[in-house]
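Next up: the structures, one after another.
Two complexes are shown next, each including chain A; its partner changes from chain B in the first to chain C in the second.
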Partner chain A sequence: MSNPLHKKHDFIERSILSALAFLKDATLSEEYANRKGFLQSLDPRFNTISFLAFLVTAVSLKSALLISSLYLLCLILATLSGIPIRKFLLRTLIFIPLFSLFIVLPTLFSFVTPGEPVWSFHVVGITGIITRPGLDGAVLFVVRVAASVSLVVLLSMTTRHSELLKVLRVFGIPQVFVLTVSMSYRYLYLFATMIENIFTAVKSRVGVVSHHRHGQNIVAWNIANTWNRTTQMSEDVYMAMLSRGYTGEPRLLSAFHAKPQDWLWLLCAVVICAFLFYKGYTL
Partner chain B sequence: MVFGAVMIPIWSAASKAVKTTLSVRQVPYLAIGAAFSFVIMMFNVPIPGGSSGHAVGGVLVAILIGPWAACIAVTVALVIQALLFGDGGITAIGANSFNMAFVLPFIGYYVYKIISSGSPAGSTRRIIGAGAGAYAGICAAALFAGIEFGLQPLLYHTANGQALYCPYGLNVAVPAMLFGHLLFIGWVEVIVTALAVKYLQKQDAVFFDGGIS
Partner chain C sequence: MSDTVFEVQDVHYSYLGKFPALSGVNMTIRSGEKIAVIGANGTGKSTLLQLLDGLIFPDRGTVTAFGERLLEHSEVYEKAAHRFRQRVGLVFQNADIQLFCPSVREDIAFGPLQFGVAEGEVNRRILEVAEVLDIQHLLDRVPHQLSIGEKRRVAIASVLAIDPDVYLFDEPTAGLDPLTVRHIIDFIVSANQRGKTIITATHDLHIIGEIADTVYVFGRNKSIVSGGSAESILNDRSLLESNNLIHIHRHHHDGREHVHQHLPLEPHD
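Then we have the complex of A and B:
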């Protein structure tokens, strides 16, 4: 039976987990994007533009209350799109907003942010004073991070990744760049599987590596080996591209068709953002 | 967003450099470089004390495919990370790209070039150069990130002085960013880059004769 403490410190196990986490995240996102739901029914271009508008609004607003209303809208959209709220909250609220909270924790106190005290306490002879400006600033920072992360995660969960990358063309990004991004994304699946296989093989042969120097050599050798295998592969990929009619000028298929409801949704998004900006200005 | 504007001419120069140097045959090579720079972060590196950390690998990618191609490759990796996995932030792509796709590979690559200049492809000097480049690159990127964080309370605040974004000034943000990178993260980068170059030299030294500089 494996010792959980050992597992936590085992770099082989952690490398396998990193690769698996990527594959799981990508597969889960595609699963939700293929479901029937409100955001999935929209044209990815309109979906992306509306979410970018929400994101810019969340980043620009100076009121935690108004940003919270955008976060609430995000949760409503997630529900309408068939995303399990518990899973969505776990994914968006656990790591990044908690990390942000950790960063802003010192700013709560009077020694960093002086101002009107709202609460004080004594611990082992030290007095801590939480101030109003410190609390307001910390709340604004964490709410903004939570809303921004939630918006981006919801967009990536409800839009097929291949379509989301194709949308980059709408913003005038050159086709070669979009082609590179799309190809890279496909390679990522392959590489993540490769890493998982390599480390599973290493684990089955050496078990747990006791000395860090030995472990570092294993990792470096595997990075070098991954690079060698992938560069050899690029020649095969180029040949495959040629056999499919690639002439040096990339052409991406576009199957986007705007419907009246897409325009209606975009209008709603613009109205919501304009309203929030107006409220933010008058507050 | 300001750094998005700063990055536009850099991305444009990178596209031109890559277009004139890489042949059509090497488009998949660039895509593979981008995917490679993404997956390097999946490798956990054991460190003394029983724990592990992960490297960024931007300097290694720059040594392998050249700094301009690395600029595009790392940008692509950051775009995929931010857009598809909600990690890194879409509005921060400009600043992240400036630090990790421009400062890191260019400083790291030229430190490597200066140290390894004139040495044969299989020499130890190249390994030392790669390690020094990795350390210089990651610490310079951390310094720039610290400056960008530290400037935010000066530039973006409410009428009563409350910071709207990063709450810490330069006196806190720069030492905080540099401390971890100079003492810990930088060394993880050194180990990974130097050892990977050493193994690549053993496998095929020809990799160190190419690149787009």
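Then we have the complex of A and C:
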């Protein structure tokens, strides 16, 4: 029910619950990673390496057109992997490039980037001049951010996060670090749910409307309570690990098995990157 | 050769040195026995299981396992710990604690891998225990997506994959639906028939008759107030009543309501 009084008073609660909902949806649902699709069928190691190559290419190229072609490739891969384009664009284009636009805004003007004027305007006695080098630089920056963010989001949407973490081992990250991060990640959901339940329990007792000072107290109490529970749980989990033979040096399954199509995909990725680099050099 | 698995002598344990959890517990558990430890909430059942699993150590008294005294920081214990952990497996009450890996498959594999079992054999065991507990379809799921019953079965699988001689179960049927309770009871009974020693902490009296031959009752004084055969304990109304273990039913009969106590082995009128 949309009641402006409620909106005013439960701002903190709504913010926290929305953040938790976004966290669950964006990082924990793994809805698309579990679907059948092109990227999902590939070995996560090869996916990660190929996307890393695309990322390096995107940040190295100096042509917005070539970076756009990489972005187009990203959209094609998303389609082949069963991701609704609208949802993919919402997750990438609306939020992150929006912030890059704000960052890049001052560089459009002559006082930051001097050069050939493209357009000028007067506002309250101040003259603003947008320059061509400023405009080119801004377009390049935004396209580069959009392509990079899209690549990273696509990789994270199509690969289960536990597998992405395991890929870290390919890059020589110690097993104990990978295990620790995996466990932190695994318990995020549990604590997110716990915090949601606390808010529901509070609401069931004090009602929907509470004074903002009361709301602050609830949040502070919630933080303390969650801290206590995480400490207790970390001790219990450590005991559960000891109970199953953990001695400080974890041994984990190495579950990846490369197939011919994985090598083929990596070859394609390398060829695409090499081609883009070549075109960027000759342009 | 002695077939004693655990010898617990005058064990006292307190949390933070001031909240007593066990007070003067004595018990002897032999190989192949089915033991139930019953008691109301907060009587020290879970603490006892953690002591038996060598996760915590008594403030006073001794716990001996397979003829070796369990001592914190002792060199003998440190050396023997790995072998001890292969022989004793604890299924925790809270499955979320036990399932700390990012997928069910990895959780089941964790134990055997720590004991140096080769990866091929680990994969074989994963499939085997998954079939026993009917969780093949869950292997690639993440633990937080599972129901309580599924989590409990995966937690049991993670211990079964180690194939210990002794199983410690902490409230294995709490909060589960009847069918999952049935599966878990069947698993406990079949493990015991294969020669495994079973020690179960519970306050669900309805399962005691099947999962235990010997029952120890823990009281509010944090120690054993009685012990004996499952039948004798379950028929001792005054013992169960004084230890807050009796079921109280409220019924409607012929248009009137009445409340009565109900023993697990007693036919209901």
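Quick notes
As a convention for this text, the second predicted complex is superposed on the first by the 237 of 283 C-alpha atoms of A that agree within 3 Å, B and C clash if a C-alpha of one lies under 4 Å from a C-alpha of the other, contacts with A are read in each partner's own complex, and residues count from 1 in each chain.
Criterion: contacts are C-beta pairs under 8 Å (C-beta built on N, C-alpha and C of every residue); 3 or more make two chains touch, one makes a residue touch a chain.
Small disclaimer: the values here were computed from a predicted structure and weren't measured.
Overlay on chain A: chain B and chain C fit together in the combined arrangement. Contacts of A:Val149 after superposition on the shared chain: chain B is touched, whereas chain C is not. After overlaying the two complexes on the shared chain, residue contacts for A:Gly137 are found with chain B alone; chain C is out of touch.
With chain A as the common frame, chain A serves as the apex of an angle whose CA-centre rays point to chain B and chain C; its value is 80 degrees, to a multiple of 10. Looking at the shared chain after the overlay, A:Thr230 reaches chain B, while chain C stays out of its contact range. Contacts of A:Glu30 after superposition: chain C is touched, whereas chain B is not reached.
By the touch criterion defined above, A:Arg244 lies against chain C but remains apart from chain B after alignment on the C-alpha atoms of chain A.
Put simply, more of the residues of chain A are touched by B, taking chain B and chain C as the two choices. Looking at the shared chain after the overlay, A:Ser162 reaches chain C, while chain B stays out of its contact range.
Legend: residue contacts after superposition of the two complexes on their common chain; A:Ala220 is shown touching chain B, with no touch to chain C.
In the superposition on chain A, contact of A:Ser184 is made with chain B only, not with chain C. The least CA distance from chain B to chain C in the superposed model is 9 Å. The intersection of chain A residues touching chain B with those touching chain C, taken from the two complexes, comprises 161, 165, 183, 185, 187, 233, 237, 241, 250. Chain B meets chain A in the complex at residues 15, 19, 24-32, 34-36, 38-48, 50-52, 54, 57, 60, 64, 72, 76-77, 79-80, 82-86, 89-91, 158, 160-165, 167-168, 191-192, 194-196, 198-200, 203-204, 207. For chain C in complex with chain A, the touching residues are 50, 53, 55, 82, 85-86, 89-90, 92, 94, 96-98, 100-103, 105-106, 109-111, 113-116, 119, 122, 142-144, 158-159, 162. By the touch criterion given at the top, residues 28, 30, 160-162, 165, 182-183, 185-187, 189-190, 233, 236-237, 239-247, 250-255 of chain A touch chain C in their complex. Of all the residues in chain A, the ones that touch chain B in their complex are 9, 11, 14-15, 18-19, 22, 25-26, 29, 52, 55-56, 59, 62, 92, 104, 107, 112-113, 133, 136-138, 140-141, 148-149, 152-153, 156, 161, 164-165, 168, 174, 176-177, 179-181, 183-185, 187-188, 191-192, 195, 209, 212, 215-217, 219-228, 230-231, 233-235, 237-238, 241, 248, 250.
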